[in-house]
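Read through the structures below before going on.
Same chain, two partners: chain A is paired with chain B first, then with chain C.
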Partner chain A sequence: MKTVINEQNRRNFAAQVEAMLHDKLAKCYQCGKCSAGCPVNFEMDYTPNQIIKMTELGMEDKVLNSKTIWLCVSCNTCSTRCPKGFEVTGIMDVLREIAEKKGIVSKVEKEVQMFHEVFLDNVKSNGRIFELELVGKYKLKTRHLFRDMFLAPKMLEKGKLKMHGEKIADLNQIAKIFKDFE
Partner chain B sequence: MKLAYYPGCSLKGTSFEYEVSLLKILETLNIEVKEIPDWNCCGASAAHSINHNLSVALPARNLAIAENGGYESVLAPCAACSNRLKSADYELKTDDILKKKITDSLEMPYKAEMSINNMLEFLIGVVGKDKIKSMVKKPLSGLKVASYYGCLLVRPPKIMKFDDPENPVTMDELVALTGAEPVDYSFKTECCGAINSLSKPDVVMALTGNILYDIKKHGADLVVVACPLCHSNLDVRQREIERKYDEKLGLPVLFITELLGLSFGITPKDLAIDGHMVAADRVLKKIEGLPNQQ
Partner chain C sequence: MARIGVFVCWCGSNIAGTVDVEKVREEAAKIPGVVSALDYKYMCSDPGQNSLRNIIKEKNLTGIVLAACSPHMHENTFRKAAAKEGLNPYFVEIANIREQVSWVHEDKERATAKAVDLMKMMVEKVKRDKPIEDVRVPLNKKALVIGGGIAGIQAALDIANGGVEVILVEKEPSIGGKMIQLDETFPTLDCSSCIMTPKMVEANQHPNIKLYTYSEVEDISGYIGNFKVKIKKKARSVVEKDCTGCGECWNACPMHKNIKSEFNVNLSERTAIYVPFPQAVPLVPVLDRSVCLHFKKGGKCQKCYDACGPKCINFDLQDEIIEETVGAIVASTGYDLMDTSMYGEYGYGKYKDVISGLQFERILSASGPTEGVIKRPSDGKTPQTIVFVQCVGSRDPEKGVPYCSKVCCMYTAKHAKLFAHKVHGSQSYVFYIDIRSTSKGYEEFVRSTMEQDGAIYLRGRVSKIYEDEGKLIVKGADTLSGNQVEIAADMVVLATGVIPKKGSDKLAQMLGISYDKYGFFTESHPKLRPAESSTAGIFLAGMAQGPRDIPESVVSGSAAASKILGLFSKNEYEVEGTIAGVNEATCVACFYCQRVCAYNAISRKEIKDRSGKLVKVVANVNPGLCTGCGACVNACFSKSIDVKGFMDDQIYAEIKALAI
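Take a look at the complex of A and B:
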């Protein structure tokens, strides 16, 4: 496996992650407890402790294009159990955010990434989530038009799918929040 | 004490049963809560997954509206919302630079002096066990109930500061107050797959299947939850899980507010229990003298 390519790049990447994380990568001593307890480890290409070490080694491309960062559901089991108190869940957020800002579209887990994007678009335009619109737009974007559709009739019958969404009154403030922080 | 109520988006949509049953039991308990005016979505998992600052700023608007409206406490029944509100509150208390940026953007001050409660904290801490016990008119004796906590009520412990992150018992205590028998099992705090329900359904069904089959193995009649997303995965996806793993489950999933409501003598219909995908009628028949089965 190709590891360190350029010492300056390695330092820059590790420093950027540490600054956003407010934590030190060197805290991790690779015990692997985070990976042992991870509920989605069976789907990952790199385990959480590998992601931490790879970040420290500056393997930016591999980390930012990994399945792992998008499969993590932020259940916080890893951070809760980490004997060093390292922000394992936090590093996944940081890496996703860096990938997103760099415009990296995950090749293998793009649906998870798209769901987050469509979700925030929905918040931006309504201030609240309009579930039917969210699901519709997500399906159009991923082209999984029929997946889960068999659930719809019964959900409608039970009153779970509302036909109209609510928009908040002060949408200007929501627009300002997105403008200032997006 | 002025109590603010932050419903969140799910309680106005797919998990309307949670809001109906919550408001019904609060009416019975004679406790008044006020919805935060013009509240917005907390950003849920999507915001913190791809934009940290937004994940603090979105909940901050709700918190600032509540605090400036003179409220001392916020009830967020959705586990994910309570998690995001508490996380934002924590960030605002510990990151002065981000706090200034956010309060400047919102043009509202925020002192971070309110207590933010999830459903279980509210029931145990604000309502109190004695008051709940005194309201139990129809003890649910003979009913075996498994409490499923999931992730967001208890983790991360340094921010949630609620119960034991590996073996929580608060919901089991509430179940015991209703006269039902709490069922112990292994997957109380294992993740159901949460937000990846639509984007990774196979993973979610594997995780949720583990939880449901373990509950079944331990002999529970039904499951109680305090999270709309957990409910959605355990209830809405249950038939599909039965088909995928070719083994019947038939486990109704109720919100803790519905179970309490039943023990208070409120009818299943008034608690919107008929809104769930897995019908609870057969199990509810086990409860003696329950008024109006549907």
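Take a look at the complex of A and C:
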């Protein structure tokens, strides 16, 4: 599909991303080392380096609706290995944030988006993760009640799933972080 | 009676590992005429050479054969050793049993047999060797530099500073070449004319440099040390020695419309009598007779003459032919930009705001048509968005040329950078295939154009440019993200590729130097003899050899100069004696040899009797030009040409030795 570059829109979008990212899009070499090492690249519709280029070119619709930004697991392999020290993981975060704020619901990666929402709710109310609650809420939301059920005994055995959640001492601090951000 | 010595070298295990060197020695000793046969670990070592010299002395040898490495390696070593004992150095023959035997074979028995064969052949050859003397050519210590761009000026200055007289010939009315047309230079952004004009002035004022501008080389004959040159000094219609460069004449000229300025690449107009640019060297105008009213309307107009204070305008001046004799030549004729109008899809020539890289240089330049303010040609408005298209003509075997023009990546990055510096808030887009920025500071320069100056680089070629509502719509692709993109631009700059200067092929033919299929002059060796042409005494510099940037052109100019100063450090030029010779008694003057000679070494010689009556015409070999390649020997029907050291009887004897 043809992309007509509108100079003003391009500048606005690129500037917005750069401001949130605290990094410059022009830094990117387009060498593709990020894409080469990305463990979830095989599921993505655009490779990480393509996302960077398209953001620079102001292809807002394409990047905000991409699967890529939601599939990124923030493992940081890309950023660690980037020869220019570009915040590749960071740009995915920024783009997710912009998408969320704009109310763009990813058609293909809805569940990932739901997971992020449940995860943040969990952090907001506990100050940390309470796995059982997280799993429960996520299952209710996605309605995949029995998916991955067989993992539960193993996780219990290893002490990864606790029956009682813990809250951190000063929840007000967490509330402040969320408030500041919003 | 021949007294031959055979020396078989082991070369450590290099030869001895695969060839039975003792067997080779034993076989040598059996050959009639061989009075001494020896094998030794390293013949090239001092003890090896000493034993060779001792045996020459003791046995009073008339010729020696070394079964050793390639003659490229040590032929000279052994020739020198033999010469020290009074033997003519051409009585040394090499049987190459390393590169041609031990290194390429495995089976020892068969390798040894081959080594024996090669040794036997050389023994038969050396028996028939005749003494050969090296040829000495006297040198006229004066140099000619053709082309007064940066490479030619550098070469001329270096030669002149070495104390040698130089004649610098330039086709245009001023020296300076393409470099003087540029605005700022990558990667340091120093102003081109600021660094160029001092060199131009120095060349003009140097006591050892004679400058001929508005002149062309008409004819060249001769050879290294003794080239006869005819220079045509075109009629300027201005007497140079009287002209003060005041400018009254061109201010008075009524022809100030419709004559495009070549210097400003058609972006402005000039008068009929003009200097190409204010800093021209020499600052003497030229009267363009093809457009001058005086010449077109039968002498009615003479406004320039009337305005001229010293009355140095002379409408009757004629072309002048100047003859010079020089010992060496530098060919630095430079380049032209490719004609990009063949890209109909880019609309060059159709849309005024689609311009070439050199035109953009002129727009950027303070001495240019817009005095350095970036304005587009169509309406004089300052563009806000410029699209730069790289590789226009270059790397395009279908419509242009397959090679990379080398400078476009860098000058485009410079253009985008200067555009950002001069027009704040502007945006440039650069379409590229690859970015080539390999010299010192170049990569950093390109990156800063992207990162600091905000140029957006798109990896892809542009397919089409068309006009729509006052904008130039550029249809391209970004192959990295896999998107087809469309950009509305105010101006488009095509990074036009380079081709050899028009007419440089003719000059090459005149000089007898080789050039490649594009017309670039070819080096004698692409790596090890980059400053020399295929013809002795003719050196190369600058873009005439192929795409290169300013620093490389300067280096090549200096390289050519240092080669010439080296050549001129002696009074004579020594040529190996193994060159062609004509048997004048049998030559039938068919001149087939002349046709096949790649070095212009064969000429006609008239033999006259005492009364001056012509007896016969024969072929004659010029020792200064002959390289001993042997092409003429093959072409000669009457077997009248032989290359010394490779006579027919020697070759037949070698073959016979192999057959027995």
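Here is the rule we go by: the second predicted complex is superposed on the first by the 162 of 182 C-alpha atoms of A that agree within 3 Å, B and C clash if a C-alpha of one lies under 4 Å from a C-alpha of the other, contacts with A are read in each partner's own complex, and residues count from 1 in each chain.
Here is the rule we use: a residue touches a chain if its C-beta (ideal position, glycine included) is under 8 Å from a C-beta of that chain, and two chains touch if they have at least 3 such contacts.
Remember, predicted model here, so these are calculated numbers, not experimental data.
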For this session: Could you figure out whether chain B or chain C reaches more residues of chain A?
Result: B
For this session: Could you say whether A:R96 touches chain B, chain C, both of them, or neither, answering first, second, both or neither?
Result: first
Exercise. Now for A:N49: first (chain B), second (chain C), both, or neither, which partner does it touch?
Worked result: second
For this session: Would you sort A:G136 into first (chain B), second (chain C), both or neither based on which partner it touches?
Result: neither
Exercise. In the superposed arrangement, which partner chain does A:R128 touch: chain B (first), chain C (second), both, or neither?
Worked result: first
Exercise. Between chain B (first) and chain C (second), which, if any, makes contact with A:L71: first, second, both or neither?
Worked result: first
Exercise. So, A:Q30: does it touch chain B (first), chain C (second), both, or neither?
Worked result: second
Exercise. Regarding the shared-chain residue A:P83, is it in contact with chain B (first), chain C (second), both, or neither?
Worked result: neither
For this session: In the overlay, answer first, second, both or neither for which of chain B and chain C A:E182 touches.
Result: first
For this session: Using the touch definition from the top, say if A:L151 reaches chain B (first), chain C (second), both or neither.
Result: first
Problem set entry | Residues on chain A lying within both footprints (that of chain B and that of chain C) | none
Exercise. Which residues of chain B touch chain A in their complex?
Worked result: 9-10, 12-16, 38-41, 43-54, 57-58, 61, 101-102, 105-106, 151, 155-157, 165-166, 189-191, 193-196, 198-201, 203, 206-207, 236, 240, 274-277
Problem set entry | Contacting residues of chain A [partner chain B, same complex] | 20, 39-40, 42-43, 71, 73-77, 79-80, 89, 93-94, 96-97, 100, 111-117, 119-120, 123, 126-129, 131, 135, 138, 142, 147-148, 151, 154-155, 158-162, 166, 168-170, 173-174, 176-178, 180-182
For this session: Name, in rising order, each residue of chain A that touches chain C in their complex.
Result: 1-5, 7, 11, 24, 26-27, 30, 46, 49-50, 53-54, 56-57, 59, 62
Problem set entry | chain A-touching residues of chain C, taken from the complex the two chains share | 385, 427, 429, 450-451, 454, 456, 458-459, 478, 480-488
